[in-house]
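Naming follows writing order (A, B, C, D and E), and every chain is counted from residue 1.
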Amino acid sequence: MELTMIYYLIPSLIMFCCGVYGFITRRNMIAILISLELMLNAVDINFVVFNRFLFPGEMEGMFFTLFAIGLAAAETALAIAIIINVFRVSENIDVRDVNKMKH
Amino acid sequence: MDYSQFLAMRQEIGLLIVFLLVFLYDTFMPKKALNATAGFTTILFLLFTAASFIWGNIGDVDAFAGMYSTSGVCSMIKNILNVGVLIVLIQSCRWANGELMIMRRGEFYELLLVTLFGMYLMISARHFLLFVIGLESASLPLAAMVAFDKNRYESHEAAVKYMLTAVFSSAVFMMGLSFVYGLSGSLYFHDIALQLGSSFNPTLVVALAFVIAGVGFKLSLVPFHLWTADVYQGAPTSVTSYLSVISKGAAAFAFLVILVQCFGQFYSMVWEWMLYALIIATITIGNLFAIRQNNMKRFLAFSSISQAGYIMLGIVGCNEMGLAAMMYYILVYIFSNLAAFGVIGAIENQTGKVEMTDYNGLSRTNPWLACSMMLAMFSLAGIPPFAGFFSKFFIFTSAINQGSIAIYVLVLIALINTIISLYYYLLVVKAMYISPEEPQIATFRSACSERLGLWITVGGIVALGIVSFFYDSIMEAAAGSTIFAFVG
Amino acid sequence: MFSNILIYFVIIPLLMLGGFALCRSDKAVRTVAVAGSMALLALSVWLLVDYIALRQAGETAEMLYTGSWVWFAPLNIHLAVGVDGVSIAMLLLSSIIIFAGSFASWKIDNMRHFFMWLLLLSTGVFGFFISIDMFTMFMFYEVALIPMYLLIGQWGTGRKEYSAMKLTLMLMGGSAFLMLSLIGIYFHSAPEGGQLTWNLLEIAQNDSISRGWQYFLFPMCFVGFGVLGAMFPFHTWSPDGHACAPTAVSMLHAGVLMKLGGYGCFRVAMYLMPTAANDLAWIFLILTGVSVVYGAFSACVQTDLKYINAYSSVSHCGMVLFAILMLNTTALTGAIMQMLSHGLMTALFFALIGMIYGRTHTRDIRLMGGLMKIMPFLGVGYVIAGMASLGLPGLSGFVAEMTIFVGSFQHPDMFHRVFTIVACSSIVITAVYILRVVGKLLFGPVQDEHHLSLTDATWWERLSTITLIVSVAAIGCFPNFFEWLIRFTFSPEIFRAIGLN
Amino acid sequence: MQPVLPIIILALPLAMFLVLGLLGHKMSHRLAGILGTAGMGTTMVLAYIVSFTYFFSGNPSFIDAETHTRLQAVIFNHDWLAFTPSLVIRLGFLLDPISALLLVVITTISFMVHLYSNGYMRDHHGVWETGFQRFYAFLSLFSFSMLGLVVATNIFQMYIFWELVGASSYLLIGFYYTKPSAVSASKKAFIVTRFADLGFLIGILILSFYTGTFNFTDLTSVEVSEGVYQISEGTASSIKNIFATSAAPVFMGGSVLTWALVLIFMGGMGKSAMMPLHIWLPDAMEGPTPVSALIHAATMVVAGVYLVARLFPLYLMEEMSLQIVVVVGALTAFYAAMVACTQNDIKRVLAFSTISQIAFMMVSLGVARPEFHHGLGYMASMFHLFTHAMFKALLFLCAGALIHAIGSNDYTAMHGLRKHMPITHITFLIGCLAIAGIIPFAGFFSKDEILTATLGHSTFWYIWMSAVAGLTAFYMFRLYYLIFWWKEHKVPAGHHAPHDQPWTMTLPLVILAVVSCLAGFVPMGNLVTWNGHEMFESVNFFTNFAALDWSVASISLAVAIAAILLATVMYKKENPLPEKMKNLLPNLWRWCHHRFYWDELYMFITHKIIFGCISKPIAWFDHYIVDGAMNGLALLTQKVSYAIRGLQSGNVQMYVWYYLIGALLLGAITAICLI
Amino acid sequence: MESVGSIIVYSIITLAIIVCSVLAVTTRKILRAATYLLFALFATAALYFKLDYEFLGAVQIAVYAGGIVVLFVFSILLTSKPGDNSAKLASKKRVLGLIGALSMLLVAGYSLVSRTSFVTATASGENPVMKEIGAALMGTGHGEYLLPFEAISVLLLACIIGGVVIARKR
């Protein structure tokens, strides 16, 4: 059995889809953030896999992943800051309650 | 390793210098001097804007092996954004000097400048990594800015919504990028275009859809727009005005660059039709939502969504004329929308009222504010002789330049939508001028900075169209651009 | 640029706008308004005289006083001006009505703003008539539309907000189609590889719009202008809009603005796309023919004075478009005469209605009666306007309608002639509703005794009315002059559509 | 002839109209009256000069001495509005037998009426009526229009003045504009004639479309020298040829020329109150009586006759059109006479009598054929037009005097006035005798010519018209007896007895009475014939008398006398005979009394059908369908806007869900479409 | 032909990725979700190692697992009491989530599978040398990332400022 690229891509895609599912279904904002991390991570895997399998001579995919990890960290930090802020104001981080503005 | 390549990035470096100066000023100056932060930043930025106009354009230069590129058009759009930011700075002086902002004044300016830097990167990036970093720089600090009104719950809610959707969007965007990378093996725009060749496949289409979604999020195209209204409504008015014009302008330009430079050869097969669908949906849905709004900021949010659809018409033509029309549209849109936000901000700062019903009879108590607002509305609606008419006309012209019957139909739909948009813009005019009810807002004198901002924007609304210099010079820059070299 | 006389038609209103901005009292506003409108009137009369002199000296160019200044070079947009007899007639009409309208709004609230909007509207109107560049033309066209919203909304009566909105949106809807077709024309304005242009004369000369594109663009263009010309079924803005508008606005709107539609139809749609005009005329002929009869019948059962006149305008303006579609020199000449005639007499109507309404505070004819005895001047004016409207010889309506009927009946096609007869029947229906309203309003016993204490017209009202009556009578008595003025434009050499017929 | 006099003839009344109309309210009433009368007098003198010059000067441009043929002279012809190079409306002055005749008639009657109105338009105490100046202005306007009509050189000029007389008639009928009945009468008059004019206009359009000309001279004559034309059947038949060779020579069973002529005749029917377009004329009696005399008896109502006479050579080309003229005329004549027998209002009686008499003229035109006595009917028609104008004006002016004296139109309020108003009595009697056709009064001769011409065409119509003539005599004398004889009313205390009027009113009566006595002797056959050819070698005062066809004349005389006797028996004294007659044929009487319910029919058509079934539904359609569609679009937009608001649910998870689905759909659909 | 060991390692890693991801988004205890995330990230790191990107794997562990997850845990502890279970999901939400996730899977999966080279490609190449990585990070030429490196530093500075300003109480 040959472990071709698709064997790596599909798990990553499933990871991404799990993230999507989590984002849409979770109530806790931090859980949503966790789902987002999954999605970002799946993207990273994709880049790495493409780099390794298709374009092994270069490092573009790897570097993208490297930077993407940094970006993810920054995003998470800021997002958590905002969420904590919300928690301070409303003592609640249920995303469903964050819908004062609509229509 | 040629570090002198950084010199190609004059405007970015200038902006970073401003950022650093503000940062240092804010960090090290005594508390008393902090009251002058607003003025300091504004003047500094004014100098930077002027300098950027004078020395910003260094012609077509590619740096970092094609990762970064600047050209006449790029520096032009950056200058346009600078002008917008300058107006935003002027208009936000009063708000920034307010009680609430004492602790965060400097941070506001710093974040604002960083986001502008991010937009610069979006505009000039010719490599997706740099682009993503630009995109994130342009959106993450904004999330913090949205949350600036600590006393208003809406501000926090807006920040959460913005943050979460922005990250989701960037995840989807990067997913698309990974596909593109898988197909082409490169993240350089130039290489992508070369590697992709001219054959397309489902992977590419899906990748393209994800990329469009990611950038469309910044432009708030339907259906990637849903955050817009809530965020605009919740954010402090100054931030909203910044968000609605500057970030949109940068995104539109970047969108064009990506589509044309990476996927130019798939124009007529793939993304032309995607854009048709998006434009129709964007304009129509934006308009339909705008009809019902009462909150002025939310109203302008939906109006800005439909405006984004019109901006897209400049892309769909996919030629220099469209580029020029789009940039001109952005310029005019900056002035028109900022005029409207200027009035909203002035009234909100004075009375805290942002509902359309509060504007009833405004013309009787504050005729100048009402007049500015009316001109802004006319300009947004595309009524001559105000600039909005010209920009709309040119953008339609540039779209039709493409020549197919489909584009006529598209433009017709867009034109019919202008009627709906005219309706809701006139609703504001009606509230201010026609409504017989007692005025809700007493006569007041707005702050100097607000008036200055309004004078500038109103002057722009009147002059930008009638004086052909602006369009001509934009067109000149666009005509010389090499952006469209890859269009197949 | 400033050596071209036509530019002053735009500059004077703009100067007046500036003047109003500086005015501090109503008196000053009136002074500026009167001075400015007299200057415009003088200018247009002078232009008329000079134009005739030039023509008689053997000037055979299609347009005179042409001038063209680059505006947006990349798109080849120019500020191009030029006039022929038709435009001059329209300019004269506009300045007369603005003159009369200034006097008719002698005592309006918030006068300064009122006149500012009115003059912005006038700027648009004048600009439209002097332009021969489609872009500037369209721009001025839209400039003329939007002030209506505020004028009606702020100074109107009745359901003014609804009417103002409806009017604006419907007209803008028309201009949406129009814009598309103008841009379309632009992109086909020159043969492959040629320099595209917005200039009407050049486009006509290039004659490069293919038949297929004409079929596509012509209907949009015609409908676009037709909405403003109150073509069935896009006319419903007109009754509501007129009913709610203040006097001077109704005058200007019905008198001049609706003419923009007809003028545009022939100047752009028919002139640039003659093939489609010839082939598709029948569709619009049906619509306009319906307009003519339908408007007249609708007017018969209205009870509001302004509604009656609005529907009568639908009928009369329908006649304009109807005649334009006939595509022969006589009918087209008649169309222009009808524009002049309808402009003046309907302005007269609306002026008088405004004056009557200002006194009785009602426009319902069932509540009024015997006003002739109370306000003889206005009554006589109304009768004259009515007579002009129903086509009494010696007043303008007759010559215009007869030219249209005779011209239309010259069409070789049976279908067109039958429709002409249908349109002819409107003269009877017109008589019915005009006499009905005259009989109810002016004659008979006084209905409301409060009316007995009302006064007759003041001097400014008289001046306004007399100006219009004299103009109406002038056209009615000396039609040959106007016919001569107009005819040149419609010679087959210039108006190609006629040649194709 | 120099155009100066003709221009003045037209310009003077117009000037009077403008002066009186614009400045009248600043003048005293008396001045206005004098001015108007003097102006009209001058016009009359000038018209006489022009007319007599035409008839009697022997000028070669007026008469071809060798062939004894009167010619048409275009005195001036000024372009007014050029539709196309050939279709040009000109304002001109065409002098030919009929226009010269009409000039005399119009100016004479108009002057009489101007004079008469000086007395009539004030009350017994000499207080002027309000709007006296306006009245004179309108009279002048009417005179101008009518003169313009008769001298028209082309059919469009005629149409112009045709409309103008209609308008001035409208203004004069509605002179008492505060009276609702007057207002509605004026409205009715205008609209009915307007409807007829539609036919006229379409006729003109058809005629001009095929022939390319409006000029009468091009349609019916040949040019013999510059500005001088001679009536020619050849021209008319070449016109007929043009029609016959056109693309569609036949339309719905009739030739197009017939259609054109019938439509033009429809215009004439409207103005001349032929059935079924007659209904306005009786109502028009709401106007002041002098107006009735001028417009609705003598001048305007004969415009229709004049129109047909003007285009007579063309009518000759289409037998069918003449037949229609005859039938319409004959039916109208009989109908009007029947109705006249039962009316109470003296002006109504006179109005129906007018309708009947004009119908005589129409019939006469319709039966005229060149082959029968050089178109005797044509001459008779014009002759009758002339005499009728005189005696009918006389009768109306008498009626005016009576109404002025009594204050009512209803003869039941009069009775037995012969002693109180002797001059009126005598003149009225003369008028009655004239209209009844008693020798030697004017009506006898003209009516006799008509009957002769009718007999020459068809015996049936001859008997028919003779019967109508008898009816005429009957109802006129019925009226006469009921007014002047019968039982005298008591004068209520404190009132003056009725008496004769001031000289301004009696003088016209006397003049017209004299004319009515003598007009019959005018040798019309030498002055007015259809082709200008003189009928008699030489003329003297008794030419007409000598030319009588006694076989016809005696019968008609006998019929008239019998009718008068019958009237005498029935109405000289109060007796039950009329009541018995009425009860004998109650339905007939009721139908006649209600004018055969024409007005009700028209009411039904206008109110129920035009307003109820066309206008109202159209207005409804406009409001609810057309406008409703526009409002519906707006409403729909609003509704859709509300319907999709759930999209913006406020829940960020839904936002990204839409985002994701949107992106996926965008990709998937594009991919599916492309592959 | 892959060695059996490689396949086993692959299977474990993949299984761990999938299972941990699923559990991370389905568990009702928020702290557990964070833990599953941590495992998923570790598994990812393992994948990187397996694909011979050792540097990347190290960074993944250091930044993601070491930094971000700790951040998560802190914030969870700040915003909720331990033992707090999230309420049961409304089925509507779940359906929507499933629709979203599955359609994503379908569309993206199809687009990947449809591309032959994606299905057939096999791994090749070697672990990049650390020196190369460093040079590429500091270089300005093609395939070198000095500029993004500088840019992201500005971004991180801004994020710090933003985080500070938001987190500050006043």
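Please note the rule applied: contacts are C-beta pairs under 8 Å (C-beta built on N, C-alpha and C of every residue); 3 or more make two chains touch, one makes a residue touch a chain.
Computed from a predicted structure; not experimentally measured.
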| field | Neighbouring chains common to subunit B and subunit C, by label | value | D
| request: Touching both subunit A and subunit C: give me those chains, sorted by label. | output: B, D
| query | Where the centre of all protein Cα atoms falls, which chain's Cα centre is nearest to that point? | reply | C
| said: What's the farthest chain from subunit D if centres are computed as the mean of the Cα atoms? | reply: E
| Max contacts between which two chains? | A-E
| said: I'd like to verify one number: the distance from the centre of subunit B to the centre of subunit E, where each centre is the average of its C-alpha atoms, in whole angstrom. | reply: 32
| query | Rounded to the nearest whole Å, what is the centre-to-centre distance of subunit A and subunit E, using the mean of the C-alpha atoms as each centre? | reply | 6
| task | Would you mind pulling out the distance in Å between where the CA atoms of subunit D average out and where those of subunit E do? | result | 102
| field | Chain centre separation in whole Å, for subunit D relative to subunit B (CA means) | value | 78
| query | Where in subunit D do residues touch two or more other chains at once? | reply | 634, 645, 648, 650, 652-654, 656-657, 660-661, 664, 667-668, 671
| field | Contacts with 2+ other chains: residues of subunit C | value | 169
| said: Which positions in subunit E are in touch with at least two other chains? | reply: 93, 96-97, 100, 104, 107-108, 111-112, 118, 143, 145, 148, 152, 155, 159, 162-163, 166
| note | Pairs of chains in contact here are A-B, A-D, A-E, B-C, B-D, B-E, C-D, D-E
| query | So in the complex, which bits of subunit E are touching subunit D? | reply | 93, 96-97, 99-100, 103-104, 107, 111
| request: Over in the complex, which subunit A residues touch subunit D? Could you list them? | output: 20, 23-25, 32, 95-96, 98-103
| remark: subunit B residues touching subunit A in their complex are 128-129, 132-133, 136, 140, 143-144, 147, 150, 153-154, 156-161, 163-164, 167-168, 170-172, 174-175, 177-179, 181-182, 185-187, 229-230, 233-234, 292, 298
| task | Please name which positions on subunit C make contact with subunit D in the complex. | result | 166, 169-170, 232-233, 235-237, 240, 294, 297-298, 300-302, 329-330, 370, 372-373, 387, 390-394, 398-399, 402-403, 405-407, 409-410, 414, 417, 420-421, 424-425, 427-428, 431-432, 435-436, 439, 442-445, 479-480, 483
| In the complex of these two chains, what residues of subunit D are touching subunit C? | 79-84, 87, 89, 156, 160-161, 163-164, 167, 170, 174, 177-180, 182-184, 186-187, 190-191, 194-195, 197-198, 201-202, 205-206, 208-209, 248, 610-611, 614-616, 618-619, 622, 626-627, 629-631, 634
